[in-house]
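Chain naming follows the written order as A, B, C and D, and within any one chain the residues start at number 1.
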Amino acid sequence: MTERRVAGDPRAFSKAEMMIVAAARALEGQRVCFVGVGLPNIAVNLAQRTVAPELEMVYEAGVFGARPARLPLSIGDPTIVTGSTAVVSMLELFGYYLQGGLIDVGFLGAAQIDRFGNINTTVIGDYKHPTTRLPGSGGACEIAINARQVFVIMRQSTRSFVERIDFRTSPGNLGGAEQAERIRRKGGWLGRGPSVVVTDLGIYHFDESGEMRLDSLHPGATVEAVRASIGWDIKVAQALATTEPPSHEELRLVREELDPGGAYTK
Amino acid sequence: MTERRVAGDPRAFSKAEMMIVAAARALEGQRVCFVGVGLPNIAVNLAQRTVAPELEMVYEAGVFGARPARLPLSIGDPTIVTGSTAVVSMLELFGYYLQGGLIDVGFLGAAQIDRFGNINTTVIGDYKHPTTRLPGSGGACEIAINARQVFVIMRQSTRSFVERIDFRTSPGNLGGAEQAERIRRKGGWLGRGPSVVVTDLGIYHFDESGEMRLDSLHPGATVEAVRASIGWDIKVAQALATTEPPSHEELRLVREELDPGGAYTK
Amino acid sequence: MAASRVVSKVATMRDAIAALVRDGDTVAIEGFTHLISFAAGHEIIRQGRRDLTLARLTPDVIYDQMVAAGVARKIVFSWLGNPGVGGLGAIRRRIEGDIPEQPLEVEEYSHFGMVARYTAGAMHLPFFPLRSYFETDLPVANPLIRPIVSPYGEETIYAVPPLHPDVTIVHAQRASAAGDTQVWGLLGCQKEAAFAADRVIVVVEELVSDEVIRADPNRTIIPGLIVDAVVVEPWGAHPSYVQGSYDRDNRFYLDWDPISRSEDAVQAWLREWVYDLDGRAAYMDKLGAERMGLLRPSASAPSGAVDYGEYR
Amino acid sequence: MAASRVVSKVATMRDAIAALVRDGDTVAIEGFTHLISFAAGHEIIRQGRRDLTLARLTPDVIYDQMVAAGVARKIVFSWLGNPGVGGLGAIRRRIEGDIPEQPLEVEEYSHFGMVARYTAGAMHLPFFPLRSYFETDLPVANPLIRPIVSPYGEETIYAVPPLHPDVTIVHAQRASAAGDTQVWGLLGCQKEAAFAADRVIVVVEELVSDEVIRADPNRTIIPGLIVDAVVVEPWGAHPSYVQGSYDRDNRFYLDWDPISRSEDAVQAWLREWVYDLDGRAAYMDKLGAERMGLLRPSASAPSGAVDYGEYR
């Protein structure tokens, strides 16, 4: 069954599966997670079924404490409603839950990210005359500001990990940790910004200067492959780890329960 | 049975009953009424049972379209909830219904009123060292500003109808119609201010200068009695009317259905 | 007590759109994933409205279709996509300048910004304050997002202006003939969008008696007071969904992706599914009973009842 | 999916107040006529808390009792009275200076102002804007009510600052052991007061399973996430009421009027009904079954159920 994913790979899992599993594991010990659209959705649902059974999933559509019986394709699916703890208006969700400071982790995807974790999901090219029009902020801008910390999951390439993002939709560590700290304190932000980035090649955290650092390589990935797919000179941890491959149970959950159609893991 | 109310009165109704009946009649043709605490409560409930069966009663407690099965003693009684059209948070009631401009008539009581319909329900005497501490604004301040028009029901005396109120809790026609119009327009107020005052002696409207004018005397009341209980030189309509006495049905509703204990009509 | 004589606001979709949606209007068909009135959007296309400003947090497939049909000159939004699937081709082509004869203006916020705009509209406030937009390019892209200084302690946050749609259209599980409307499941910002609007059309799965509404007043999200028309249109939200009635038709959203990539395919789809049909009943006939059957919930999940008590 | 291991927050009233209400705290016992936790107020009196700032839209009889007992140094409110009856004597005497050894500071708003303050607190906003206070003496009496200029078009309206209670206490029909709380009937501003608070105590008529809550998630007003203690105290709102369970005890409110006029009578009442009893069960015993019987709703008024549907 695993063959259809990565033919010939002895470990028998895809890069997308590794990314989703690693992202889910990052939620261990977290309590309240705001679930972004796309890849975060499957990662957070996997975490609730594995490392974080007490995780409260918050969907911007207005749901607190979701218990989806199936993986929702959209983040406003009826399965996130039935059996949830609370369904509230979006005014309350964004006002009382998010801006009120109750979200431990905001889990976002991104089209472009820079070394300080600033995110673009708005346009490629000039705003008024875009080469590519992307979806825009949705809730990402306020999640990045108000969630206590931000996790990011995205595929990496020189088009997505760039020296300079074309539009800043969601603030990360701005121009560096010192500036970001000063501005967050002055503005009374509740969020401390980005803390983990999980890609199809590895796991990154942010160092004291607020800059992204490769801390763990996924099985089969190399530092060279990482460097070749990042638009700046990426910092690499001295004690670079190797990500534990997906367990049988993690793969089973992804393949049989969460994404039997392979929409996320192709 | 009427004897216990006004012994010896050939017409057999009390001044309080006349006041409540006249106030209820003033609601004829109105659609949405915000019901203040105290006398407005019985007047509006009577109106819904007589001249204004389609009247939508709004209670600041968070009820739209109340159909009280009994007269509520307090304006947060359970009988205003059961069978109502909508129960909402007070944020929505005050924000979307009142400030949003959906209230045709705000029906208020008052401790002091001046010739321009400005109202005091806060203190008698100095604010910091009051002779008498009154309840305060409650919702009255915002009702006076945001309801399309304001009706007032109160007993009159030289202590309540005064040349100068001790504290302006709820704005009426300020220093006169011209000033009030200018300020309302500049401030984008939705309300046009007070339009009717009903007392135990008569019915008042506001003339072009924004000043109160006696337009109708209740049966048994005299202009002299009115003048003796108002702290300024009250204007009296040239064509002074006499208020139609309460009908048998109006009295029956007040005495048997709405206030069998006589709490409002003593 | 005297019985209230309620005037029925029940109308056909055709009559409601004809009477209440006008060229040049700002129209909000709201509903976050849940309860999106595709039926109303299709009727607006059929009646050939022009120069609309279309407001919605997530323009979704319905605005892709409406923009493709040429009804809009502008969209006001916060997230532009086919949720969980991809992009909205018809809208993107017009924004990216591929169809120069049909330019499309954009006015862009974040989700909370859009919700706050409707809320300011509903509350008749000149602005709504929020802690979004700090250190982003959004206030540069949209100068209507403005800083505001708190009167307490000099803190600066951001404000958005009120949004007052000329018409808000919402789909709901049920309403009375007077327009008192009840919803369960995701509430989105329909209440705020309705209170902010000049005119309101409610489209429902089921018309119910006043007694059903009054038995559970805490479920009422929109009072008939602000409703201009009640359209009874079962399945009117397809391919969006109605909690407890039918599922989101994810296959439709997935199928839209390749259609949306081609202007010709979109126009062909509009001919087949909108112009050549006279309304929602014909659309559902064409969709077919088998597809509808697949969208039924797998089982019922009753809420249970609560007791309000009689107080006489 | 993995079952979530819920930590129970169920506590006795005595333990909850002992652990969560501290001298000098700002305490909000909210509930507009409906669901006022008299039981919590009495326990605070019994435990002899001091220097509290008591916030509430309508201080009501419960704050009259608490102020008479000397727990408060200040009240924050918008309407000070015994609704439908008259005044609150113990509070008035202290404001009017009749008991100079127990001065009582006042900070006064309008209803919408208080609601807006809790809302700003819940939303972590530095202020909330509103169209009240124009041309009144309230901003003079309370300089925390301040003008604010809109960033759109120069319009000036008013603002109020956030209110962040140290503890908010609400009564509700039901909650789970985790603190997920559901209410029907008047909602007041309990949700906003709870989200604005640092600590939250929920007092309920009935403890229910997680399944009851999750069967109707639209009725949840407070998530267990923000709740510190769940106290199961049937009749804990008397003489206030619980929709569907018991009526407002209007006789109690009427009887309070003459008591409240005399400081001695108030102190005697507190001895008899608070200090000499060890909790709510003893209070209800003393009130008696006959009185309780009179307060039952005259009949049930069921809401009816709705269907959320299973989606697997």
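As a convention for this text, a contact is a pair of C-beta atoms (placed from the backbone, for glycine too) under 8 Å apart; a residue touches a chain by one contact, two chains touch by 3 or more.
Bear in mind that the values here come from a model prediction, so they are computed numbers and not experimental data.
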| item | value |
| --- | --- |
| Count of contact steps on the shortest path from chain A to chain B | 2 |
| Neighbouring chains shared between chain A and chain D, ordered by label | C |
| Chain A-chain C separation of Cα centroids, rounded to whole Å | 29 |
| Distance from the mean Cα position of chain D to that of chain C, given in whole angstrom | 37 |
| Chain B and chain C: spacing of chain centres that average the CA atoms, whole Å | 40 |
| For chain A, residues that touch 2 or more chains besides their own | 63, 77-78, 81-83, 87-88, 95, 99, 146, 188 |
| Multi-chain contact residues (two or more partners), chain C | 119, 124-126, 130-131, 155, 157, 184-185, 187, 191-192, 215, 218, 243, 247, 297, 301, 308-312 |
| Topology of the chain contact graph, where touching chains are joined (line, ring, star, complete, other) | other |
| Contact pairs between chains, per stated definition | A-C, A-D, B-C, B-D, C-D |
| Residues on chain A engaged by chain D in the complex (per definition of touch) | 31-32, 48-50, 53-54, 56, 63-65, 67, 69-70, 77-79, 81-88, 92, 95-96, 99-102, 146, 188, 190 |
| Of all residues in chain D, those that touch chain A in their complex | 1-5, 119, 122-126, 180, 191-192, 195, 213-214, 217-218, 220, 223-226, 308-312 |
| Residue numbers on chain C that touch chain A, as the complex places them | 32-34, 57-58, 77-81, 83-85, 87, 91-92, 95-97, 108-112, 115-116, 119, 130-138, 140-141, 155-157, 184-189, 191-192, 241, 243, 247-248, 250, 253, 297, 301 |
| Parts of chain C lying in touch with chain D, wherever the complex brings them together | 124-131, 144, 146-148, 150-153, 155, 157, 159, 161, 173, 184-185, 187, 212, 215-216, 218-219, 243-245, 247, 297-312 |
| Of chain B, residues touching chain D in the complex | 37-38, 41, 60-63, 72-78, 81-83, 87-91, 94-95, 98-99, 122, 127, 129-142, 145-146, 167-171, 174, 183, 187-189, 263 |
